[in-house]
């Protein structure tokens, strides 16, 4: 028997008709039994479950704090109440300083992050694919991640003075290694089976990289990006707090430091809240949906770990 | 047939003798085929493979740098050579300032880390076991991880003045959430099957926790600890750089900032190297062996990701 | 060997005066108040020392039933009585504790059973020897092959010293050669220790090879749709004609069940 | 159906004038210069359109042999010739690309084969229909059951349009019911498309159920220790007496091999 | 590597970036800006300014090429010059002399009362910090740059030092004007040591005008114009003491939003002298003090001064030229 029809031939084999139908019914029965439709929570339900408890807790904490300040009347310069903090916030807003600081910091953090992505991605690719480089440079890069990027601030100030270059330098030193390492570990975690399938399917080196390895490494890369953003934001704040003045624009870190110098605790707390809010917002609006979509498409659940 | 001997009875069943031997031989044949002894690299080989390339790269970089300074003669205050940096290091060592700074920072970082462990561990346990608390407090704790702990420095200075309390406060705000979250995600990742085995084996609630859940959560907890240390170290450096003077002891961060103020770049670079070295050393001597042993015992390989 | 087909529900087939090892009465189960019915009106009596195979397609509720018997889930309706108190369980993945050696895994079961420390080590070694693994007591789970892990899990389940042993597809993840050997191993252990065993499987031939009784479950909702009784005439090969004949019969019924679910 | 036992190495059994689909000549393999010999002096000729099952215990080198035929590994000695150029491969875990739907997975194979964009979608649907999965084209791998995934993988392997299909334990991870169905599916596809198939398995009954020829490999080093030829008289059930008889014979030889490795 | 040095020597500079502090000791800068004296002198070269809080930051800006010239205390200038092996900066004129003092809380009347106290300085290694350390050394106290010693020296930002002093957390501070006056007038501090009393003739440099060496090489004429503007500013200050306060406060208000109280400003202005003489002969002494205090390294000061432009301006105006004490070009 040597039929060489590659296309699904309309069964030239006898006895296959009835048996085939029978098989079809069996298979679809089994498929129905084995695939349980996942009942996902609706988005409203999800928000209610996930958002409500922490919000309630925060509200409760704020109320308790306000009560404390009203009842115990602590020194307002050491323990301002929520109303004072809100007042500071409003004042900073009205003076336009809040908007300026948020925009400056966000623009700077964003630009720094993008530059870091532009540097970290090819670096990660190089490291993942060039074994010798990896063995030599990999440990150094991991070591750099151990170094608090804030340690670069003094050196950067000497090199670049109090200019934006200092801030960018520090942000890059923080973010580039973690983006590159994220990509490397994403590529490392690509199951070798997938590469082999690609090869067997006849993919060229480039097709293998673009159609198989990179899409497969995406989750690791994304988590590297997320971590890279966290590092960017941290480093930026550190740099802004330490390197203030000169031609460095007025960011949230500068606002924090300035409020401290004016011994204005409620403005300090207000700024901390804003920094926290911006960090959470960026994570919620930029990374979380991307990650959720990516992982859900692959049937993975987003890990709680950061 | 109703024999109720719970202990392995010396086969009262006929026909079991010869068949049993036959089975034993088959089983041990199969066991031999299926267990391939892993040939591990010897420790020397491992060091040679892992340590040599980065060391060679570093040496090459240092030599190139020295050549550059000798040939191009750049301004020594902007681009000191390796020899200048080594000289600064020696000078700091001879003055005793290097030792003082390293010891101060390590002691402070270590103490802060231990306090963070003491707070973060029960907090993590509470969060993992008390669902409501987790839903309310969990997102806040994750949010706190987004907040660069350096943002606390100005507030802490106002509250605690330029004292060590400021430094400890900042370190705790950085390390506690990541330790608690590490423990929570470690407990989350305990396969439900293991808990069920524990229950079936008759473990009480406490036995289940101590004999099953905690050992199973250990890898996640350890990686939380590692991350907690990294945060402690980062936060400590930031705090030391920003909050200098007062009764705050003289740490590596202070040394860095002081060198900057004296426009002494080679001392700045020397201090950065020391900070890097301390970070890598702590990781290599404290966490890496612990993690490697733990993971190897369980047949897992240490991930490249941090 | 003789095969008999009966209509559900299974009538009481125990000789008078023998107390059943397990008795399930009009058991029903649904997860959550709004979930679909997973198990519906299950009635089953298992004699002491019986080897019962529970067969059904994916998702028909076999594991749920086993978990209810083990006390890991609670029934929504009806009752389950395990005469000897409680049961030992063995799962598909061995679920050995990865941080303990094979020996310590067994010892932990002994400890939780209340065996004093002094006797544990010897007893654990004895149990491992029963599954031909005395030499591997110091090895960690990841150093063992899948078949060895399941044998350690069997030894651990035996360490519990319960009269009833519940097994949820214990050999499903093993390769065929190993599985065949473990059938022989399990049968030997069953004959030597006289446990009552409920063995859940997808595999018709496995059920026909091992069981004294094979119970077939239907899907959505899970009901007992048929059962076969096999006279125990000693160990039989899985390739034997008796097993084949029974397997063909059961397979045809099982396929009938599956076909019913075709969209 | 007729069973014939022969001594290794297998003599040329092709009718004169028929070119073999695959020809392996004194093949040897070791990993690294110091590693143990994994494959030793393998000689094998596969006729076009033949369904050959490669059977052996764990670690005997089946996957290595298959990978060498697929061109994923290089032999240390000897030669392998695949007359039609190259082969399609199907692995144990479906290895579908998890970020692509079932349909796109098949389309990617078509794309890499060079099929122009316009025809891909229709052809992919046709291939999925061949494995009875036309309705699941838009689903992602994680939404499919194990059996469905392996059928998609089969469709993808067929999309490569190679004369030779290499299968490395493709059904080992499936439950018995699904596996039995996929045996029928695979046999149907083989008969309809006339592919040359090399099917690696641990499962003696599976080999006896599917193959026209069963080749048994010994372990350490991997050598061909025996082979059986089964006259193709059309599809047969796995529970059929012919399969059982052959399975008993092969099992006994396989166990002999295994026993040799006892410590 | 600065933007302003891109042009070849001789080519007219398009821009001059000047750094200064909002401080009474930087009055020549403030007045020069207020009266437009720099613009007049610089002509086509555009002037941009940047305000700094501390010497190291200004030096860093000079090194990084972010500014071309700055008003600065002498010690950071020395520090930078020594560290860069004479490649970084040149002092082209003096600006202010005097106007720094050790102020302490009432009750401390003598150097012997200082044991165990905490004294603030503006910044580690700055002119006042070095002065305090070397004076304490002369009084027999041991101090350390890493904290501790017989007297605890706390480099603290000036505003914060005042707050700390008011809440009793520090016992004194060695500061420049107007902070001395603010301590005295706003916090009831007393002056324990006037730095002028430590120097022969009572003259010591508080502020000098320096330019980056690269800029000087590229645009000598722009530097000369800057020096001319600076000289005009110093002359204006000596000629119009009554209007000085108002001019200074105008710039302070523009830069920080907060003018200095009149009383403070008036007291501060009496404590300082404005002069274009950098008092070059004091620099080796200052360097030695820095080395002794552990905030500087020994080095060669040769070439620190380039007073040729200043002397040309002075000669043109018929004024006596100043001396570089053998440390540069006259």
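To keep things simple, chains are lettered A, B, C, D and E as they appear, and every chain counts its residues starting from 1.
Convention: contacts are C-beta pairs under 8 Å (C-beta built on N, C-alpha and C of every residue); 3 or more make two chains touch, one makes a residue touch a chain.
These numbers come from a predicted model, not from an experiment.
Counting hops only between chains that touch, chain C reaches chain E in a minimum of 2.
In summary, the chains found to touch both chain A and chain B are C, D, E.
The chain with its Cα centre farthest from the Cα centre of chain C is E.
More C-beta pairs in contact connect the chains of A-D than those of the other pair, out of A-E and A-D.
Spacing of chain A relative to chain C, judged by their CA centroids, is 46 angstrom. Chain B and chain C have Cα centroids separated by 43 Å.
Annotation for chain E: residues touching 2 or more other chains are 60, 63.
For chain B, residues that reach two or more other chains under the stated contact definition are 26, 28, 30, 34, 77-78, 260, 263, 265.
The set of chain C residues that touch two or more partner chains comprises 57-58, 145, 177-178, 258.
Chain pairs that touch one another: A-B, A-C, A-D, A-E, B-C, B-D, B-E, C-D. Against chain A, the residues of chain D that register as touching in their complex are 48-49, 70, 72, 86, 88-89, 91, 93, 95, 97-99, 108-109, 112-113, 126-127, 129-130, 132, 136, 140-148, 151, 156, 158, 160-161, 163, 177-178, 181, 184-185, 188, 191-194, 232, 234-235. Residues of chain A that touch chain D in their complex: 1-9, 11-13, 15-16, 19-20, 23-24, 26-28, 30-31, 34-35, 191, 193-194, 196-203, 207, 211-212, 215-216, 218, 297-300. Here chain A touches chain E in the complex through residues 157-163, 165, 245-247, 261, 263, going by the rule given at the top. Taken together, the chain E residues at the contact with chain B in this complex read 54, 56, 59-60, 63, 76, 79-80, 83-85, 87-88, 123-125, 145-147, 154-156, 169, 295-296.
Every residue of chain D that touches chain B in the complex is listed here, in rising order: 57-60, 219-220, 255, 258-263.
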